[in-house]
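Two complexes follow with subunit A in common, the first pairing it with subunit B and the second with subunit C.
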Partner chain A sequence: MASVSIGGGTSNTDEERGLRAWWSRSQRKVVPYVFISPFYILFIVFSVGPLIYALYLSMHRWPGTGSMRHVGLGNYTYLAGDPVFLKSLWNTVYYAIGAFLFILPLALLLALLINSTLIRLKSLFRIGYFLPILTSTVAATLIFLMIFNNQFGLINQGLALLGIPALKWLDEELVKISVLAVATWRYAGINVLYFLTGLQSIPPDLYEAAQVDGAGTWAQFRYVTIPQLRPIALFVGVVTMIGSFQFFAEPLILANGGPNDASLTLANYLYRMGFTHAKLGYGSAIGWVLALIIFGLSFIQLYLFGAFRKDD
Partner chain B sequence: MSIARRIGILLLLVSMLVGAGSATAQDDVTLTIWTFGAFFTDLYKGIEADYKEIAPHVTIVVEEIPYVQLYDNLQGTFVAGVGAPDIVDIEQGVISRFLKGEPGLVPLNDMITPYEDDYIMAKTALYAYEGAIYGIDHCLCPVVLYYRHDIFADAGIEMPIATWDEFIEATAPLTEQGISPLVLDDRSWGDYYMLLLQSGSPGFFDDEGNVIVDSPGNIAVLEWYLGLLESGVAISTGDWYVTWGLRAEGKIAAVIGADWHAGSMKNELAEGAGLWRAAPLPAFEEGGSRTSTFGGTAYTITTQSEHPEEAWAFIEFAMFDEDNKILEYHINNLLPPILSHLDNEALLAPDPYFDNQSLGELFLELAPEVPFQARGPWWNEASTLVANAVFEATQGEKTAEQALKDAADELRRQIDFG
Partner chain C sequence: MDNTLTRRAQRTIAYGFLFFILISMATPFVWMISNTFKEQYEIFQLRPTLIPEEPHLRNYVRLFAEFDFARHFLNSAFIAVVHTAAHLFLASLAGFAFAKYNFPLKNFLFLVLLGSMMVPLYTIFIPLFVLVIRLGLVNSYAGVIIPGVAGAFGIFFMKQSMEAVPNELLDSARIDGATEFRIYWQIALPLVRPALAVLAVLAFMTSWNDFVWPLVVLRSRELQTLPVVMAGMRNMYRNEHGVVMAASLLSTIPILLLFLVLQRQFLAGLTVGAVKS
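Up next is the complex of A and B:
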């Protein structure tokens, strides 16, 4: 008796029968993998593949055309003595520390305020704080550029009214603070939303139980809110750290990484080397160092927050 | 249609019939052009119909891409080996990265040879490396002194001024009135570079590609530059927009700028119409050069183009047809780097924005003095380092000599690294 093959023809070979039997046995196991395969295919083609190729490139000097010159770890050893790389690394660490010291506490404070019974029109505040992240980075940063101008900017005009002499917000000494201020304006809002989501998911019973036990506002915050926020704080912390090390647009638009590379980030320097100076191998080495830093710091954060503990 | 245009079109027709290309005259050819500015797009749209009459089988597709993105995309196509357009407008500030390795651009030496007596060949140096010329510049970009004639007249200053020393002396009354005679950048290389070229230096490299960032001449110009800023002859605003604002308020009396700056002034400083004029740059010494050059964008043909002959034919039409260059001048004030075009009546016409001065006459007078400059594949690295050096020197962090020596050492280190 002839059987109908998948292709529509007829065949009754042993091979095909074997295949059909295998398919009958295995399809429940195979099909889920087929369904999730688009992600993995895209991940391999657009992430894993380029990562491996970048590792290969990082051991060569290559301007993108012509022959590659193998240099082993030469790009990495050059990095260790490259003053601009070290400067950009320090600048990036500065922004990351700034994000943890200013952006996240501010975001948490605002989230607590919005979540409290003191504030009305909560939706209005939620939208208001979220708007900066929707605003064009270029447009917003250009406006900040004018606000920070040392001779005619809004901030120095305000300081002048108070009798305070004008500050050079975009010069070497203050440019990182100015960039951080723009980042705070832009990214605090999205973190407010994260924290707000965390706060709203804390069961009210816990606060009621704490009140019954005589806990005041601070004790409730210390012993209920903070521990309950741990998962969202871990998420916000890791995302902020990764975002800080990938920080790119604001320092580039506000000060073009300068003056004198004072605001240059690792991502800016990677771009400068890889594209502007067409040093694809060196740019790839910077990319790998950046990736390893992010991986290492993420791992430490997850460890410190107890993400690997089995009881969690 | 002018006689020159008719002759040009006839020559083009003949060259297309005689010249052997990758396609026959009957084959349909689509030429893709990547450009970054609406002013170039307007030019191509403006000449498209005329070119269709000459070359009916050629279709021009213009893709206007934001500046930074254009060159990143182009680099991507060179790395990938596919996807490049036929023609690209490459701005002089980004050409050096495309000169490294095996350039993905077609050498145009043979193509420009018939025009070398008419085209101002100094402009090809920006796009040349190891004897190959990869780009033909749209513009001459001579630098002049744009000044507020009313302010200068009120102060009794007669223009033009012969030397910078005389300029410093003559403009002293302006400083006393709270008006800055000049504006110069304290955190970038541009203004310093213009003055450096005017002084006779070939820039950051000599014509053999050696680094001369810290040459005695270059150091002397930076020291003089610092003197202008420290003495108050020049002001730094730290911001392009602020400079426009101060100019509108009459707080800045003069700027140095190229031909295209006249177009920028008409856009950004419309209220200044009739108040500004242009003069030759004061020379560093009596009888010295009275101009410099700054900026430029070149026509280039990619090696990936399947129709390089047709691409050159279109460039030839856009570049060497006098009417087309006049159209371009009207669109963006880019002066043709072509001697036979410079006395065109349209270029010499009085310009109402500039108090009915003929800028063309001034540019024509200065064109032979446009200086040579040496570039090459390391120019981006050099300009980044010199920008930092200018900043360090103007902020007093280092002396001019130390700042330029450090920049030169770092540049040599980067070049050795490869």
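Up next is the complex of A and C:
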């Protein structure tokens, strides 16, 4: 790539030898910048630029064509009183909390069971739980759309066998639970793998030492497993939170954000404003609110888990 | 005696729970596969059938005949392959630079790289779309591929494995007069092949399953990828569950096959983030 022969075909002139020597010396100074430049060029053009432009847009009213009208923080103050926005914000928080309460405890429990000495067939469970994440969110949600169907859906037919009357899984009251069910199906397995990685990295002599000290199963769990799982729990927590704050396909395909915006997320509302209603400024303001929430929560989690402490 | 009894009871409960979850996880797959072979009325039937009463392939035939499935499959495949190849090249090249050279601002630039992973997609979504229109990339494969092709995660990942490449090998190649790019391409790259495979399955799967960005960039139907078309089928053919399930199954099969062949790479790729923390 960089092996240009300076001076064309004729070689061996003093001048050229000097240039070659200069080139081979300076090559190592220039080359790393050349090698990393594609990332930084693309990052500036397709991330930093848009991030700043989003902030600029969020202070304007713009339907995508024609002139922009500066509105200052008008879009943000309007957001504060927009009932649909507040609903989507609440739904998004609901999903994030739900993901923490549904997916993470289940994944931790499954990982602990798989890791325990009681169980064989470990890879059957590991791989079996993991398979759903190989599907696209679209395919997964389409499958669940059928499973949640009011009349012939598998879940209601199962409930009927138990004598429980059919539930309307895609109605306002239950639709958020249904979205969480799709997410649990797709993401539980990957979190099992994360927790297993964490469990397997705990040095066995810690348990041996605890046993010598007379610690029972619970005490070992409480004083060895939980503290040792801290780094992995931090990672899993941040990933789950960032992921669940950006649900998009699940509510869209399951219920089109409805009924009555009951499943709408911030990302869905941003898309609706920016692309369906051509309110690019307003949509960008939603985007910045989302960014601030994600930055804030990541920071709080890192802080709570002591990631900023010097001794870690 | 008492101890072995409780242990046996514990084991039974543990297996019972694990198998219960396993069956719950498998059911949607089984239900999807079973319904692709069913006629509409049988799906609607109040007693669900696992084995279709009159299995047939009409849903698949319709998928190809009426929905141009092959075209959308190829769109997805083309985008995923190009994305993967370009991502592997850029990530390994930058990873090599970060692992094997010292240069001013290196630490700062690496910090910027890590920070770039924090930018949420939806925040830049609208301006990115405006930009892609201005660049004339809307409604093109390039518009789908280019913005996300140089992911920071890939660079970070490749840096880790490039660090294991012995410096002596690189230096002896330098003495032989090899250019730095040649050293990367012919010496470093072959040595990190296992890491490249891990990153490849990850990149391929991400691109293949991607939904939101292709949804906004690809306006004309013949360019659209599988997830975009499948999401559209939900609205158009609300009740054609057999066809929709056939599409879901066929769109999942490439990733499942890749997983069967490269299981180790998949598991490593998807948990690599956890290991680093």
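By definition in this document, the second predicted complex is superposed on the first by the 271 of 312 C-alpha atoms of A that agree within 3 Å, B and C clash if a C-alpha of one lies under 4 Å from a C-alpha of the other, contacts with A are read in each partner's own complex, and residues count from 1 in each chain.
Simple rule for what comes next: a contact is a pair of C-beta atoms (placed from the backbone, for glycine too) under 8 Å apart; a residue touches a chain by one contact, two chains touch by 3 or more.
Keep in mind the model is a prediction, meaning the values are calculated, not measured.
S.K.: Here subunit A is shared; do subunit B and subunit C fit on it together or clash?
M.R.: After superposition on subunit A, which the two structures share, subunit B runs into subunit C.
S.K.: For A:Phe275, using the defined touch cut-off, is the partner it touches subunit B, subunit C, both, or neither? Pick first, second, both or neither.
M.R.: both
S.K.: For A:Phe39, select first, second, both or neither according to whether it touches subunit B, subunit C, the two together, or no partner.
M.R.: So A:Phe39 only meets subunit C here.
S.K.: Let me test your reading of the model: by the given contact rule, A:Gly49 touches which partner, first (subunit B), second (subunit C), both or neither?
M.R.: In the superposed model, A:Gly49 contacts subunit C only, not subunit B.
S.K.: Could you say whether A:Met146 touches subunit B, subunit C, both of them, or neither, answering first, second, both or neither?
M.R.: In the superposition, A:Met146 contacts both subunit B and subunit C.
S.K.: Would you sort A:Pro63 into first (subunit B), second (subunit C), both or neither based on which partner it touches?
M.R.: first
S.K.: Identify the partner contact of A:Leu266: answer first if only subunit B is touched, second if only subunit C is, both if each is, neither if none is.
M.R.: The answer is second: A:Leu266 touches subunit C but not subunit B.
S.K.: Check whether A:Val239 is in contact with subunit B, with subunit C, with both or with neither, and answer first, second, both or neither.
M.R.: second
S.K.: Answer with first, second, both or neither: which of subunit B and subunit C does A:Thr77 touch in the superposed model?
M.R.: A:Thr77: touches no partner chain.
S.K.: In the superposed arrangement, does subunit B or subunit C reach more residues of subunit A?
M.R.: C
S.K.: With subunit C in view, single out which of the stretches 77-85, 149-157 or 257-265 of subunit B clashes with it after superposition.
M.R.: That would be 77-85, the one stretch with clashes.
S.K.: After overlaying the two complexes on chain A, where does the subunit B footprint on subunit A coincide with the subunit C footprint?
M.R.: 64, 145-146, 151-152, 275, 280
S.K.: Touching residues of subunit C toward subunit A in the complex: what are they?
M.R.: That would be residues 7, 10-11, 14-15, 17-18, 21-22, 25-29, 31-32, 35, 43-48, 90, 93-94, 96-98, 101, 103, 106, 109, 112-113, 116, 118-131, 146-150, 152, 155, 177, 179-182, 184, 205, 208-209, 211-212, 216, 226-227, 230-231, 233-234, 241, 244-245, 247-248, 251-252, 255-256, 259, 263, 267, 270-271, 273-275, 277 of subunit C.
S.K.: Spell out the residues on subunit A that touch subunit B in their complex, using ranges where they run on.
M.R.: Against subunit B, the touching part of subunit A is residues 61-67, 69, 78, 83, 145-146, 149-152, 168, 170-172, 258-261, 272, 275-278, 280.
S.K.: What residues on subunit B touch subunit A, complex-wise?
M.R.: Touch list, subunit B to subunit A: 71-72, 75, 78-79, 94, 97-98, 100-104, 187, 237-239, 241-242, 245, 377, 380-381, 384, 387-388, 391-392, 395, 397, 410, 417-418.
S.K.: How about subunit A: which of its residues touch subunit C in the complex?
M.R.: Listed in rising order, the residues of subunit A that touch subunit C are 1-3, 24, 27-29, 31-33, 35-36, 38-40, 42-43, 45-47, 49-51, 53-54, 57, 64, 106, 109-110, 113-114, 116, 118-119, 124-125, 127-140, 142-147, 151-152, 154, 157, 185, 188-190, 193-194, 197-198, 231-232, 234-236, 239, 242, 245-246, 248-249, 252-253, 266-267, 270-271, 274-275, 280, 283-284, 287-288, 290-291, 294-295, 298.
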